[in-house]
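For clarity, chains are labelled A, B, C and D in written order, and residue numbers in each chain start from 1.
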Amino acid sequence: MAMVCLSDFEAYAKKYLPKIAWDYFAAGADDCTTRDENILAYKRIRFRPHMLRDVSVMDIRTKILGSEISFPVGIAPTGFHQLAWPDGEKSTARAARAMNTCYITSTYSTCTLEEISTAAPGGLRWFQLYIHRNRAASQQLVQRAEALGFQGLVLTADLPYTGKRRDDVRNGFCLPPHMKVKNLEQAFEVCKMSLLDPSVTWNDIYWLRSLTRLPIIIKGILTREDAELAVRHGVQGIIVSNHGGRQLDEGPATIDALFEVVEAVRGRVEVYVDGGIRKGSDVLKALALGARCVFIGRPALWGLAYKGEEGLQDVLRILQDEFRLSMALAGCASVSEIGLHLVQFSKL
Amino acid sequence: MAMVCLSDFEAYAKKYLPKIAWDYFAAGADDCTTRDENILAYKRIRFRPHMLRDVSVMDIRTKILGSEISFPVGIAPTGFHQLAWPDGEKSTARAARAMNTCYITSTYSTCTLEEISTAAPGGLRWFQLYIHRNRAASQQLVQRAEALGFQGLVLTADLPYTGKRRDDVRNGFCLPPHMKVKNLEQAFEVCKMSLLDPSVTWNDIYWLRSLTRLPIIIKGILTREDAELAVRHGVQGIIVSNHGGRQLDEGPATIDALFEVVEAVRGRVEVYVDGGIRKGSDVLKALALGARCVFIGRPALWGLAYKGEEGLQDVLRILQDEFRLSMALAGCASVSEIGLHLVQFSKL
Amino acid sequence: MAMVCLSDFEAYAKKYLPKIAWDYFAAGADDCTTRDENILAYKRIRFRPHMLRDVSVMDIRTKILGSEISFPVGIAPTGFHQLAWPDGEKSTARAARAMNTCYITSTYSTCTLEEISTAAPGGLRWFQLYIHRNRAASQQLVQRAEALGFQGLVLTADLPYTGKRRDDVRNGFCLPPHMKVKNLEQAFEVCKMSLLDPSVTWNDIYWLRSLTRLPIIIKGILTREDAELAVRHGVQGIIVSNHGGRQLDEGPATIDALFEVVEAVRGRVEVYVDGGIRKGSDVLKALALGARCVFIGRPALWGLAYKGEEGLQDVLRILQDEFRLSMALAGCASVSEIGLHLVQFSKL
Amino acid sequence: MAMVCLSDFEAYAKKYLPKIAWDYFAAGADDCTTRDENILAYKRIRFRPHMLRDVSVMDIRTKILGSEISFPVGIAPTGFHQLAWPDGEKSTARAARAMNTCYITSTYSTCTLEEISTAAPGGLRWFQLYIHRNRAASQQLVQRAEALGFQGLVLTADLPYTGKRRDDVRNGFCLPPHMKVKNLEQAFEVCKMSLLDPSVTWNDIYWLRSLTRLPIIIKGILTREDAELAVRHGVQGIIVSNHGGRQLDEGPATIDALFEVVEAVRGRVEVYVDGGIRKGSDVLKALALGARCVFIGRPALWGLAYKGEEGLQDVLRILQDEFRLSMALAGCASVSEIGLHLVQFSKL
C-alpha cells in the first residue's frame, strides 16, 4: 500500500493498532462533534490563488520564538507514544530532529525527559505541563525540562478535568502494566487523573514565570477574551487548541477560533494552532489566518504506528511537500508572502 | 453493555420495549421533523469556553420557583409510565426524589396521584393538567393535586387536539387492558382523547387561578407573542416546549425558541425548556440561553425501561456528571456564572 | 397496509403502476432538482404556532374566483389519467365533486371534456389549455369547455417545448395504443408534442380573452416580473407553478416563488400554487404565504392508482384532516385567520 | 443503453476505459473537493425563468474573438486523447469542426499539431501552451501553431508544478510506451513534468506577445486581482479555470469565480469558463453570469471514449439541444437575450 497522504497512515494505524490504543488516540469528547469539526472547518475555507508569480525557488522555513524550523509544522503534545511504537517518545524526538522541527513533549510521556533528550540531542523541544495538585512535583518537572535544554514551556489550560471520551470509558482504558508515565515521581495510574489541579487560574502563570526563564506558551485558548488575558499575563505564545476535541465537545473548531485570537493578539505574541491538520494546504490556510506554525497530534501518532521514527518522518515529509506545493500553486514563494488575501470563507 | 451516555439507554429501550410502546414514546408528528430538530438545533449552538478559572469546587444546584433542586434537570410530564416499567410513575417519583429534583406528573399517569405521593413522600412534584370538556373533572384534579402537596400546576397549552403520529395510527395504539389512566374519574379509552377541550383560551388561566393557590406554569409556548400573553395572564413560569415534536410538526426547535421567549419575558417569570436534551452540555446551553432549568421526557422513559427507579437515577446521574463537567470545562464553577457569553451560533 | 399519509399512496403507486406510467408521472426535468426542491423548500419554512386560541369550531372552507370549496386544495391539471386508473379523468371528476373542490382538467385528458362533464355534473371544474399551432383547434377547445360549464380557463405558460425528462426518453414513453388524447380533433401521438406553439406571447392573453367570458388563470409564473405582466394583461388568477419540476430544471421551488409573486400582485388577482404539497401543513404554509388555494398533481394520481375515485377521495380527505389539524395546532379556527405571522424561514 | 445525458457517457467511460486512464482523466488534486465543487456550485445557482416570450425561432450561435461558433460550448485543452480513443486528438478536431465549434488543442497532445490540422482542415482551433524551461522550445511551438492556422494562443497559468493527484501517484501514472507527447521536440516522459518553468510571471505575457500575432488568452484565473493583471498585460481573453480541480484543491468553483472576474474585467476582454459543465442549463448559467462561452474537458473525453469523433459529436449535440431548450424555457430566443436577470443564488 502506497503511503500517499495522511489518511493512508490513519487507515494503517486503525488497522494495526490494538483497539484500545486506537480508540484512545482517536477519542473525542461526547459526540466527537468538535473532533470532527476541526477537520470540516478547514473545508469551509477556500483559497484565492494567484497566478504567474515566480515560484521557482521556494522557501518554506519559518521561526518560532526565534528558532528556525524547516517548515511551519511541529509535533503537538500527545501522551503515551509507546502505545503506538515500542520506542515511544524517543522515536518522536528523533523524527522531529531529523526533520528539523519542534517537538512539544507531553508530561504524559512513556519515556523520561532524560531518555528523550539523550535520544535526540540538540533537537528543538518544548515541554508541555499540566499543573498538579502537588505543585512541587510540577516545579521539579519544569526545572528538569529547562536543565535538559527544552526551549519552551507549554501550559495546557483546557484540562481542569478530563473530558468524557465514551470509548475510553467503555474500554476501561488504562496503560498496559509495562508502560509508565515515567516523568512523574510516583508512577501513577492514568485512569485516575485526579492529580491535576482544577483550581489553576491565570495567576498561576506568574508562579510558572517565577520558576523558569523559558518562554511560556499557553495551550487551549479559543476566545478573544482569553487571548487578551494570556497576553496580559505575559505569555510568549498561544496555541489555539481544543485538545483535539477531547475536552469540551461543541466548542469552536480551532481554525475558526484562530482568526479571532489572532485579531485580539495584534502581533504581541506568537499564535499557533493545532487540531484538524490533514494536508499541507491546511497548514497554508492556518498561516494565512495568522498562525505562525501549526502542530499535529494524531497524524504524528499514525506515523509512529506505521514505522516509528521513520513513519513519522514520512508523515512530516508528505506535509512538507504538500505545503510547499500548495504555497506555489497559491502564488507564494516564501512563508512571508502568506497572508489573509489568500483565503475566503466558503458559502457552504 | 456499559451505560455511558443517554443514547445507550435509548438503544436499550428500543431493543427491549414492546414495539407499540417504543413507537408511542418515540413518536413525532407527521414527518418527525420537529422531534429531530429539537436535537439537531443544539448542535448548531457552540460554546465559547473560558480557561483557567478555579473550578475546583463546583456548585450545580439551582432553585425553581423557590425550591432547591440538586441540578437544573427535572422530569417532564409524559404519560403511561407503566408502558416502560411495571411500577410506572411510582418509580419515577422515587427516582426524582432520590436525585433531589422536580418531577412533573402527567394527568395521563397510569398510577393515581395518591399512589405517586405515597411512593415518594416529600418529593418536589408539579402536576400537569389538560383542561377537559368536563371542567368539574379538571377542577377536581387540580384540587386533589394541591391537597397532595404538589407544588406547581403545569398547564399544557399545545394539545387542543392530538397531533398526527403516524406510527400510532398504524399500530392502532391503545393502552393494554390492564393499564388505566387512573387519575380520571371514569377511566377512559386513551384512543379517544376527545375529552380534551379545544375551546380553551388565555382567559382560562384566570379560571385556573381561581381554583388553586399553586403557581401556574404554562407549557407549550414557542413565540414571543405567546410569552408576553402568558406573563400578562399572570403565570409564574413558562416551559418552552413543542411536546417533543408530537403536536405541530415543523414548528421551531425548542432551544431556538427559548432565546426569543427569554428576551420577551425579561425576567418577569421563570422560563424552562424541554425537548432534545441528550447530554449535560445541552443543559449548559439551555441555561446559557436563559433557561432556569430543563426537563427531560423520553430519556426519563428510557431510564425507566432500563431498570425502573434505578435506571432513571442512572440517567439523571449521567446528566448531572456531564453537566458538571461541561460547566467546569467552559470555566463556570456555579450555575450563577452561566450566561450568554458562553455560546454562539454555529456557521453550519 | 394502512394508508395514513400521502407517501403511503406514493409507495403503493410506485409498486403497482407499470414502470413506464410511474416514470412518466414521477419524471422531473434533467437532474430532477426542482421536482425535489418543491418538497424540500417546504421543510425550510417553519411555523410560529400560537396557543390557547379557541379552535373548537373549525372552518376550513374558502372561495376561489367566487366559488366555495370545502378546503383550499384542488386538483392540478395532469395528463393521461387512464395510465393510473381505467376510468381516468371521469374518476378524478367524481372524486373532486364528492369532496367539493375544484378539478383543473387537462387538455391532455384521456377522456373527452364531455365524458368528464357527464361523469360528474355540477362539479367545479376549470379547463387547462395549451395553445396549439393550430389556433382554431385551441379556440374550439375553449368554447367547448365553456359550453360544458367549466368555470375557468387555465393557460399553461411554461411549456413552449417539453422539458427533458430523461426516463421518458429512455423508456420511449408513448401512450399505449388503446388510450387517446381524446380532446383534440385528430387524436395525435403524444410522443411528438410539436403541436404546441412556441411563439405564444403575452399578447395571446388578449386573443384568449376575445374567445371566452371565462376567467383566465395563468399557470407557470415564478417571478415578480411575470406576475406584474400577468396582472397587466388582465388575468383573473395566477398559479405559481414549475410544472412539477418537469420543465426548466433548477428554477425556484414554487413555495419560494410564491411569496415574491404575492408581493408583486398586491391582492389584485388571486394567487395559487402547486408543486410539493405532501401534507396538510404544507397547505397551511402556502396559505400563510399568500396562496388562496393549492393544487395537487402527483398525489392525485397516486390516489387514482390506489383505488380510482375512492382512492383520490382518500388522498383529499387525509389532506383535509391534516390541514384542519395543523390549523388548529397553529391557533387558527378559520382560513381567514391564516397569515404571514404563522411562518418563518428556517436557519437551515 | 441510451445515451441521454452526459452522465451516461461518464458511466460508459468509467466502465470501459482502462482504470489508469479513467483515474487520470477523473483525477482531482488532494481530496478532490474543488473538482466536485465545480459541479455542485452550479446547483446553487437558480434560474428566474420568464414565460410567454416568443421562442419559436432560436438562435444559439455566438462569436468568440470574432469567430462564429454554432453554440457557446468549446473543447477545453486536455492531454493524451489517445488514452480515450486510438485516433486521439485527430478525432477531437474532426468532431469540433463537424459541430462548428472551437477546439483548444493541448501542448500535451498525443498527435502532432500538424496531424491535427490535417485531420480537420479549416476547423477553429486555439493552441494551449505551457511555458517550458527551454524557452526556445516554447517559442517554436507557438510559431508552429500560428503557421498551422491556430487562431488563438491559450497560456495555462495555474501549473507551475503539477497538482497532487493521489490516484495518479498510487497508479504510477505514465503514458503507455506506444504513446508520445509528440509536439515536443524530444518526446519526454510525462511522469517528470519538470520541463515546465515555475518562474513564469506576468511579464512573460510580453514575451509571448513578441512571438506571435495571435490573440493571447490566459487560462487559470480565479480572482479579480489576477483578472485585472491579465487585462493590464494585454491579453485578449480570460478562461476562468481551476484546471478541473487538478491543481490547487479548495480554491473557488469556477462558476463562483466567474462573476468576480467578469465584474473586474468590465467588458474589456472576453471571459470564458471551464469546469463542471454537465448540462445545457449549466451553459446558460455561465452565460447569464457573463461568460462568452464555456469549454468542456472531461465530458469531451467521455465522448471520445464512447465512440471517438462520433461520440464527441453526440456529447456536443446533447449539450446543444439542452442549451437550446433551457434558453427557450427561460424565455430567451437568442444568446444576446441572456443576462444576469436570469439567475439568482439559491438559499441552500
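Some points to look at:
As a convention for this text, a contact is a pair of C-beta atoms (placed from the backbone, for glycine too) under 8 Å apart; a residue touches a chain by one contact, two chains touch by 3 or more.
These figures come from a predicted structure and were not determined experimentally.
Copies chain A and chain D of the same sequence differ in orientation by 90 degrees, per CA superposition (steps of 5). Residues touching across the chain C and chain D pair largely diverge in numbering: under half of the numbers involved belong to both copies. Taking each chain's centre as the average of its CA atoms, chain B and chain C sit 42 Å apart.
None of the residues of chain D touches two or more other chains.
The residues of chain A lying in touch with chain B in their complex are 30-31, 33, 44, 157-158, 160-161, 163-164, 166, 169-170, 197-202, 204-205, 218, 220-223, 225-226, 229, 247-252, 256, 345. Interface residues of chain B facing chain A in the complex, by the touch rule stated above, are 2, 4-5, 43, 45-56, 279, 281, 321-322, 325-326, 328-330, 344, 347.
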